[in-house]
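Look for subunit A in each of the two complexes below; its partner is subunit B in the first and subunit C in the second.
Take a look at the complex of A and B:
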């Protein structure tokens, strides 16, 4: 079945990094870029979930606009001229990643997700050689009360992928955000230990979409902590067709 | 229950005749500030004393909203009914003063016996103000619909409904050139027009009463002093854009405002001034109060709407703008309290009348909460274009304790600190922006020579850090990093590198944050770096050779 929005969408042309593309008017800059193999760094955006523009890594420059816009939530417009890889953007991306590494504990050598971590990979990709701001290092309590999973807020980057997948795909909405600013944490069922949650379906989707070691599976070695996301495009298609 | 404009006018006339039966009104300020220092008790004592007087029927003791001069509170204001312009203000009235005050007012004793309580009203604090929004504040009883109708209340709404089309209503707002008083300064008429033109069966009108900046209490005072005016402004907006439902989002820390607004809504609905088929026209409009938990970020339009919808008060990226997708995904007008409060006088007197005040690009007046180390702290309304010097030294009465002026902070946490050299800048949206600050919602904090500007910047950054919703990385982590850096300067433990880092991070957070909170959070640091850099340099410890 074709989405009503898709039916209404018109074809537009735009330029990304001096290359011309045509796309549908309901597409975002990120979607068009990905379709055409242009890499825009993202951490909170994942195909199949709603876009929230929170990590700010996908910020792009649009000609004629002073403000930087996130590629994940910005719809394309006819004649739009987009730059995704300017000196200014590269600098900002490094600082944003610095902020994330400094915010909590991201010492890779002692992390369950070492070598399978999107934050780690992103650091290498954008050429982050050092963290330019002081480490904040809060000591946060790990929740290992669940039978199968662990929530380690020390590794969390608050991308909210887990919250969105639980709400939008699984339909359970067990996970949510508690408190604000630096105090913000992912909690299960209004703050009770995850293991005591009565409504968690134990589907594990949250763990699979987590980009870091914040949500991980018990009983697996570091080498085995691969995140499996094959279900996401499939379930999204099924949901849309419902 | 007035059904037409004529009936409303008749009712006003009848109320005027009834009022003329008394000689003087003794208005007791029951704004939050005066309530906090015991004016409620004083009111009871005044009533008790007056009840014993043989000519008590000639006087009426009335609770009123904020009269403005909070520094001299609690205030009691005696208004002559026969001569509306005659007003005697008594300041710092204590409960124990009630007896001699009543005795002198009713003419039993010589007025000289209460001379020590008299407040001079020919000082610039009073004479330099231009009251449009606050015209009823401190004069009418906020809990009395009759009082509001007496001051031409709901006439503008009835007039618009019976004499103007929605387009003509918007046209008047456009002619007035009123700009959003929440701080952004976006043209109100244009905002209304976008929503009026949006195609949708359902539209909404929302009033932002979330106000949470340190030192600001303008919107609270308007809601507490004249709640019907805000409702009337919203109803006119509803008519203009085609909405039949309004919400007022007020933080729960404002219980007096909430109580008075709820009562006003009930009274207005009971009397057919809100609700179904207002003024006998097909237009219906109802208003609900929604309480906020006191998150500063909920002043951000998209976060406020998320909160009203029952979700976590997080902002989202714009576009889509509210005129396309607001409350429940429908076109929505969102203005702040002061903006709506400007609407009834604009429609009553015409857009051109309003455009006659202020500067070329900033029309009308602006309500400020004047606080800090200034003599006359309180609530003031001055014409746009008045210089900062006039605001601080004339209206504010200058610095207290004979100290030197150092800086004035405008615009709340998102604003900037303005040094003495720029005091002659006029107060308007453009001029303030030019010098690195903003109008904001109207908090003005005056600082004397003893203030440390690094501490000031640190204070505001701490506020932004704790109020950041945490959604986007630059704001969540960046404000904390900035705060920690400022702390190093305050403790004189910073290095040269920290100075460079501070400047870079400020710029980066401004450019990359998701919403207005993060985008403007570095402003206090940036403006103090610009005008008081020597204080930052003094915070750099000597590098080891």
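Take a look at the complex of A and C:
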């Protein structure tokens, strides 16, 4: 089946890191960059789910624009000149990651996702040797009421992958966001303990897409907590074809 | 070439970073030919000396004694290296910040203690600070080596590079929580 958006799309030309590219007008900067093997760091973006620009790690510089733009939600334009790896961006990425580490209690050495955590890997990737802002040490309650899964807000970076996969792929939408800013939390069914949820299908997709140890499976050792995401592109394609 | 005056210090940590330092095995001989260890738990020095070229500091800042030591280390050292996650991020040592000093003392001496239950040391244990902090929250730190503990390869890499004044890339060997 042909996607209606693809039919309407035109070809546009843009420059990324001094290289010229042609791409479809409905594509984002991140999509074009990835298609051409240009690496832009991301944490909230994941293939198969909608892009929301939550983590801000994919910020890029666009010539003529003062503010930085998230590559995952910014559509390309004709003649756009994009830089993805400048001194300013590297500094911002370190600051953003510092905020993510400092806002919650990411104690990597005692985390179920140690050694297979996207946040931890990202720290090394952008060269974050230490967190540049003061740690907040919020007191957060772990929700272990679910039969199979645990929601540990201490490890959450509010990428909302879990909320999106529950809504867009599973169609249950039992996970959502409560409050705003630093107070924001992932909740199940209007804030009741996850284990008391009547509509959770226990599919576990939320756990598999979670980049950190915030959502994890009970009864698995640290070495066994690898997230399995093979289902996501497959299910997305199936849904599109429906 | 004159030997580098090297100090290693252990604040609030498990000493795993110092154990990892020893894991350099035969490479310690090479390091030893280039440094003079002027202060360390290995050599049981009591006072931190003056004119230290490189101080390697393990552990977070949890007590008044830790803070006093760190301030002196900074004052007497040309370069300070924060070694391991406790020193760099606070790590397990800083988990106390989630419950507070009183709750942690109560747990250790009143609830979980087998001997002398309810008796708290009044002299030997230094006064705990209200908040455990990473070293760079208290003093300027020149370089950071995360990891819990940082592997021996990472310690060797950064130490030999610092001694020879070369560039180093720690993320080939370690990261937070390694």
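What we mean here is this: the second predicted complex is superposed on the first by the 242 of 242 C-alpha atoms of A that agree within 3 Å, B and C clash if a C-alpha of one lies under 4 Å from a C-alpha of the other, contacts with A are read in each partner's own complex, and residues count from 1 in each chain.
Here is the rule we use: a residue touches a chain if its C-beta (ideal position, glycine included) is under 8 Å from a C-beta of that chain, and two chains touch if they have at least 3 such contacts.
The structure displayed is predicted, hence computed values, not measured ones.
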Overlay done on subunit A, so just call it for subunit B and subunit C: clash or fit. fit
Once the structures are superposed on A, label A:137 by its partner contacts, choosing first (subunit B), second (subunit C), both or neither. second
Comparing subunit B against subunit C, which has contacts with more of the residues in subunit A? B
Report for A:55: first if it touches subunit B alone, second if subunit C alone, otherwise both or neither. first
Output check: A:92 vs subunit B and subunit C. Expected answer is one of first, second, both, neither. What do you get? first
First (subunit B), second (subunit C), both or neither: which does A:114 touch? second
With both complexes superposed on chain A, which partner does A:103 reach: first (subunit B), second (subunit C), both or neither? first
Regarding the shared-chain residue A:124, is it in contact with subunit B (first), subunit C (second), both, or neither? second
With the superposition applied, I'd like the minimum CA-CA separation between subunit B and subunit C in Å. 9
Just which bits of subunit A does subunit B share with subunit C as contact spots? 134
Within the complex, which stretch of subunit C touches subunit A? 82, 85, 88-92, 94-95, 97-98, 133-134, 136-137, 141, 143-144, 146, 148, 170-171, 175-178
How about subunit A: which of its residues touch subunit C in the complex? 101, 105-111, 114-115, 117, 120-121, 123-125, 127, 129-131, 134-135, 137, 139
Contact set on subunit B toward subunit A in their complex: 295, 297, 312, 316-317, 319, 465-474, 476-481, 484, 501, 504-505, 508, 511-514
Residue set of subunit A touching subunit B in the complex reads 52-56, 59, 67-70, 73-75, 91-92, 95-96, 99-100, 102-103, 132-134, 136, 157-158, 160, 176-177, 179-184
